[in-house]
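What follows is a pair of complexes built around chain A, which joins chain B in one and chain C in the other.
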Partner chain A sequence: MQVFKVYFKVLRGTAAPLAINLCVFVGLAVLFSSTAPETDPGGFEPVRTPVTVINRDVDGEIARGLVDYLGGVFRLVDYPDDEEKLQDALFHRMVEYVVIIPPGFSDRFLSGQDCAIRKVIVPGSTSSHYVDISIDKFLNTVRLHHMYGRSRNYEASGAELVALAMDDLSVDVPALLKVADGRAGGDPPGHSYYYRYCAYALLAMVTMGVSSIMIAFNRPDLYLRNLCSPIPRRRINIELALGHGVFALGCWGILVALSFVLHGKTLLESGLAGLYALNTLVFALVCTAIGFVVGNFVRSVDAQAGAVNVIALGMSFLGGVFVPQSVMSKPVLTAAKLLPSYWFVRVNDAITEVSAFTPGKLSPVFNGMLVQLAFAAAIFSVALLLSKDRSVSSV
Partner chain B sequence: MQGLVKRYGKLVALDHFSLQVHEGEIVGLLGPNGSGKTTALNCILALLKYDKGTVEVFGKPMRPDAYDLKRNIGIVMQNVAVFDELREEENVDYFCGLYVEDARERRRLVDEAIDFVGLGGFRKYYPKKLSGGLLRRLNIACGIAHKPKLLILDEPTVAVDPQSRNSILEGIKELNRQGATVLYTSHYMEEVEQLCTRVVIMDQGKPLATGTAAELKAMIGRGETITVETYMLAPDDLERIRRLPNVTQAYYKDNQLRVHYDGGLHNLLHLLDYLKQREIPFNRVFSEQPTLNDVFLEITGRHLRD
Partner chain C sequence: MFMHVFTYRLKCLVRNRQTVFWTLFFSLLLATMFCLAFGHLTSEREKFEPIKAAAVDNQAYREDVRFRQVLEHLSQPGDNQILDLVIVGKQEAEKLLEEGAVFGIIAVGGQGGSNPGAVRTQGGQAEAEAETETDVDTDADTDTDTGTGTDTGADTGTDTGTDTITLTVKERGLKQSILKAILDEYVQASRTVASILATNPGAARQLAAELQQRKGYTEQVSFSDAVPDTMLGFFYALIAMACLYSSFWGLRNTVDVQADLSSKGARRSVAPTHKLKVVVADAAAALVVSFAEVLALIAYMGLALKVRFGSQLGYVVLTCLTGCIAGVSLGHFIGTYVRGSEGFKTGIMIGANMAMSFLAGLMWVDIKHIVHLKAPVLAYINPATLIADAFYSLYVFDTHRRFFLNIGLLCLISAVLCTASFLRLRRERYASI
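So, the complex of A and B:
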């Protein structure tokens, strides 16, 4: 296993570019995962808008009831009854809505006279509409009970009306969120983005590493020196292939482990971690084949760096790694179908859409993986064929 | 090698080339560029298929899969063939490891090889940090670490300073004393003359002459050349010198008299006697024996090669 043992020592020469690629990828992954939506877009979480109530009808029962009701729905912030301070609070967004209940409001409300409540809001605030609706709801409920009592010749007190209204408004209506096709729609989760960017990381790292080894072992004099040794060429190739496999597996392992570090919770909750990892493993095999080609046909390290960058960035952009396939033009998508990265991204997106492990849901996933495997086999075959021709003619 | 023929299209690289190297010999293979030296070595190592002939190493046919034979052959390429990514010690260990599986034995052989070429102080150095001479020595260490019985060296001292060259040549002699048979190609005649017990001069894929350096020199029938610095040599004196015993050629130019001989004894004495007798004053006198270079040029011709 002399060749296998030396494989990782030779790889030391590529440690710096590999580390840079990994760092760039980790940086991108952290950046995008922090901007990608982590919560279920179908979920609902109430927001308590900061509201200040200036109650100038201190003794009025309806006014007090309104304050209590608003206190239950919104976050009441205390401010003195000072026009300037209230304006400052609104300007600095300390509150979004100021309710001013005028003196004698309760009496006027019960007697059916005009009794407008003043409001001061932050311009363009959408949450102020919810405050308007809540105030209307409370007063309408109180008015309903008041009118109903009168219709029965019963004059309920303000306290009674407030209690009845509060009772009505405290009833919760259960809501069931129906999600079409098992998912809540919207943007894909962060781990889906992460695995999509893995294509770039794998292309850059695996291609660079594998091609570096092939370039080292294909240097004409080293090639001949190895050929003069008592180790059969076949065994050298097998040990090299083993080295490529372990290296690609190592890169894949790092990326998968990193996915659990960054998105472990959502990834495990989705139940799709295995499929994402499998798709990435298949793509790692494709990258190994590409690295094999580059290493067999590129001679200098400078040319290799250029080739790896062009391949990694080109395939990533055209395959839909950085730009979603949904926004790519039809001709570009047609051409992209000739790239394994396109199929990787397609499978990745298909995995994100999987809601149940049924044949119907899984068939696009496994079909895409098979296409990637076919790409890997084709690239390996062509590279082997051409490299055999060349080695025969060069000796 | 017996009657080896190797063609590249219409070009005949080896034309019924035969060569025998006996155990314990250091055989120098000399030839101008394109004469077929490297092709011959590649055929011996089974790196090239040939059209006709046989190659046997240690009495057995040499084939690409003759791994038991390859185990006893060491090769030092003309170009330095080491991994830039490995340290000096790791390079020697890798190439030794292709031949020797036992880790402890390999460790010992690697240490010996590194000490042998005098690279003990550079074990942790990467090849890019080594000078040209040190690199050549590393190249040799990689080829000899497994203690081969047959060592093939293809111009191992190209672009090496005199000190490193001397060290390399002494090392090869020591390996030969330890029992290695050596096949050596070079363009440096003085190296071959100093090192090899037998020399084969080849050109256009054919061996032209074989023998020891002395035998080859005798083969061209040229003796010593005497040069005398003198300022007054009349034309009739030059004519008389030409008639002295064993003189083949004599000419006078730029106050230097040069006389070529085809052998014989006491040539210098006869010439100086003549000059004294004729009272011709002279200063410095030089006597040169023919070199292997003269033999090489005589046999392969003086026209330029690619």
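So, the complex of A and C:
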């Protein structure tokens, strides 16, 4: 097993970039698990759009009432009355709507003068319509009570009007969340995101590691030296393949173990850990094949790094790893079907949808895995064929 | 002599095709991929479009004239259209919902979610359900009262009144929430009318008119002309990465100047040219090549991919130049301080560049802002974040305070890295090479 031992000695040379790639992924995974949507509340809950209210009419009762009402409907995010900070928050969607209540708003509202709430929004966005509806609803309700609520000789105070409006707005329409085959709709769980991001980590790590080995063993002087060594060529190849297998399995094992560290409870409760792990294992095989190709056709470390990054980032972006497939345009998705990462993400999403182990639910999962295996086989075959041609011609 | 070293160094660098690919074409390729994958995603995802909904065509719906009128009014084509409504049978509506062709089913008479697997909720408050039904009863009475002589007069006396309006959805989302808000508003307005008429019965006619004309209370203002497109963050992080890839040229310089790393380095070490002159000429050549590459990338992104950088072209160029200086300095620093083979140094540099670009938002655009909020120090010492933030602040803000802070910090980091590298390189002696 000389070649097998040397394999890991050579691999040690790429330990640093591999570790950095793993760290980037772990950082990504931890951040995502800390910001992943919370577990489904079990029924329909309206979306609580993040809204910041800058109340410059501090003493106004109507303004205070509006803030209270918006606080009940939306998620109020505190930001100082600072233009730069608010712009920052809006650009990064930490808030989607900034409500600015101008000074003296309540007085002008109650005296029937023209008055308006200023809003800073993402122009034309759906969320801005949603908040508009609520602001208009509240103020129109208060206005109706103010104008018609009592006989003319009784002037209700702002606080009374707000209380009346709040009472009216406390009723709502029953909303039913239709449950499809035992699984309520909603955001995918955190472990689904985790396994989706595994595609990038596997592509970066396995491709980098395997190609580094292949580049080292394909260096012309070393290649010719090995050809005249007493170890048969076939044995060298078998030991190299074994090395690739153990390395890919090691990367896969680290990622799967990490998934249990970060999402163990939800993963076990879902009963889908095995399927996720299997899909990742199949993709690790695809990554090994890609690394094999890169290692066979690239000669220098610079070019290898370029190729690995183009492949890892390109496949991840186009396959739907970083941006969900559901929001990608149809032409891009059609082209992405030629990438194994597309099928990995598709299977990952299909696994998330599995609520019962029925043939109907499992067939898209296993079909997708078969497509990935076909990709792996095709990439390996092409690489072996071309590398054989080249090695014969170079000698 | 400086120009001589500079010219030949420039030729050497430009002829290194692999690094040219890595530093230029990779960025161009990635920019194209970004544009294909999510170039206009923000506007497409967030843009408001009339919400597709299905109303169940049953006896109760047909008899509730006022509710039908409201839905029809909201579905009128035009700028104010909120709903894209289809009126179909219950089974057809459920099929449409299942297929994702509509976001929700509106039903009068509580028949919308009659499937056995439905979970009934009331905005998280179970006890409110009974209350709502009672309220709707009140609402019906109100309709009868207020309808006389008004637009809703047609349905006076024909409202069933006792029917509950329900909404059935398949998943939680913004559009579903808007549907609910619209339906809530209908029952809430009815309750308002009921409570007002309880104390002021004479206001029926005016109230009916008021309900027809909802007043809008919001007025849009903006802090700047910039469209807050989150996806721009990906492109700015990509430019930051391209600037940092200047470090490849910096690394190549250090390999070619150190006698223990390359034969070229050994040859140049014994040349009588002053080391500082050699290092500065090499760095200038690296800067020229990398700056030209980043400008090509900016031109491609701005002209071909239509990425927005704002209108201050001079400052955009300044950011690119400062970013490239930081990149070359970083390459010099890694080349002189990391011990090991060239491959090892390259690996460390790629990893470091990736980690810094990741924190600048290359793979997850929100991370840059999160780092700014949670660990601002990390944002101030990461050249990639500073470059991306300089582009961001140029695009978003009208003032230049934050922009110059970023540029100043980048210059400082470059100065520290360059000085450290030169101190290491100067007067280096080798016992053996």
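One rule holds for everything that comes next: the second predicted complex is superposed on the first by the 257 of 395 C-alpha atoms of A that agree within 3 Å, B and C clash if a C-alpha of one lies under 4 Å from a C-alpha of the other, contacts with A are read in each partner's own complex, and residues count from 1 in each chain.
Simple rule for what comes next: contacts are C-beta pairs under 8 Å (C-beta built on N, C-alpha and C of every residue); 3 or more make two chains touch, one makes a residue touch a chain.
Because the structure is a prediction, the values reported are computed rather than measured.
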Please work out whether A:S229 is in contact with chain B alone, chain C alone, both, or neither, and reply first, second, both or neither.
first
Which partner does A:I117 reach: the first (chain B), the second (chain C), both, or neither?
second
Applying the touch criterion given at the start, work out whether A:D82 contacts chain B, chain C, both or neither, answering first, second, both or neither.
neither
Considering only touches as defined above, state whether A:D59 meets chain B (first), chain C (second), both or neither.
neither
Tell me the contact category for A:E269 with respect to chain B and chain C: first, second, both or neither.
neither
Once chain A of both complexes is superposed, is A:F91 in touch with chain B (first), chain C (second), both, or neither?
second
Between chain B and chain C, which one contacts more residues of chain A in the superposed model?
C
Would you check which partner chain A:G13 touches, where first means chain B only, second means chain C only, and both and neither mean what they say?
both
So, does A:D221 touch the first partner chain B, the second partner chain C, both, or neither?
first
Which chain A residues are contacted by chain C in one complex and by chain B in the other?
13
Contact residues on chain B for chain A in the complex?
42, 45, 47-48, 65, 67-68, 70-71, 73, 75, 77, 79-86, 90, 94-95, 97-99, 142
Where on chain C is chain A touching in the complex?
18-19, 21-22, 26, 29-30, 33-34, 36-38, 41, 44-49, 82, 94, 97-98, 110, 112-113, 115, 117-124, 128-129, 131-132, 135, 164-178, 180-189, 191-193, 195-196, 199-200, 203, 206-207, 210, 214-224, 226-228, 230, 233, 248, 341-344, 346-348, 350-352, 354-355, 358, 363-370, 372, 392, 396-397, 399, 402
Complex contacts: residues of chain A adjacent to chain B
2, 5-6, 9-13, 216, 219, 221-222, 224-232, 395
Which residues of chain A touch chain C in the complex?
13-14, 16-17, 19-21, 23-24, 27-28, 31-32, 35, 40-47, 49, 83-84, 86-88, 90-94, 100, 115-130, 132-137, 139-141, 143-145, 147-151, 164-165, 167-182, 184-187, 200, 300-303, 305-306, 309-310, 313-314, 316-318, 322-323, 327-329, 332, 335
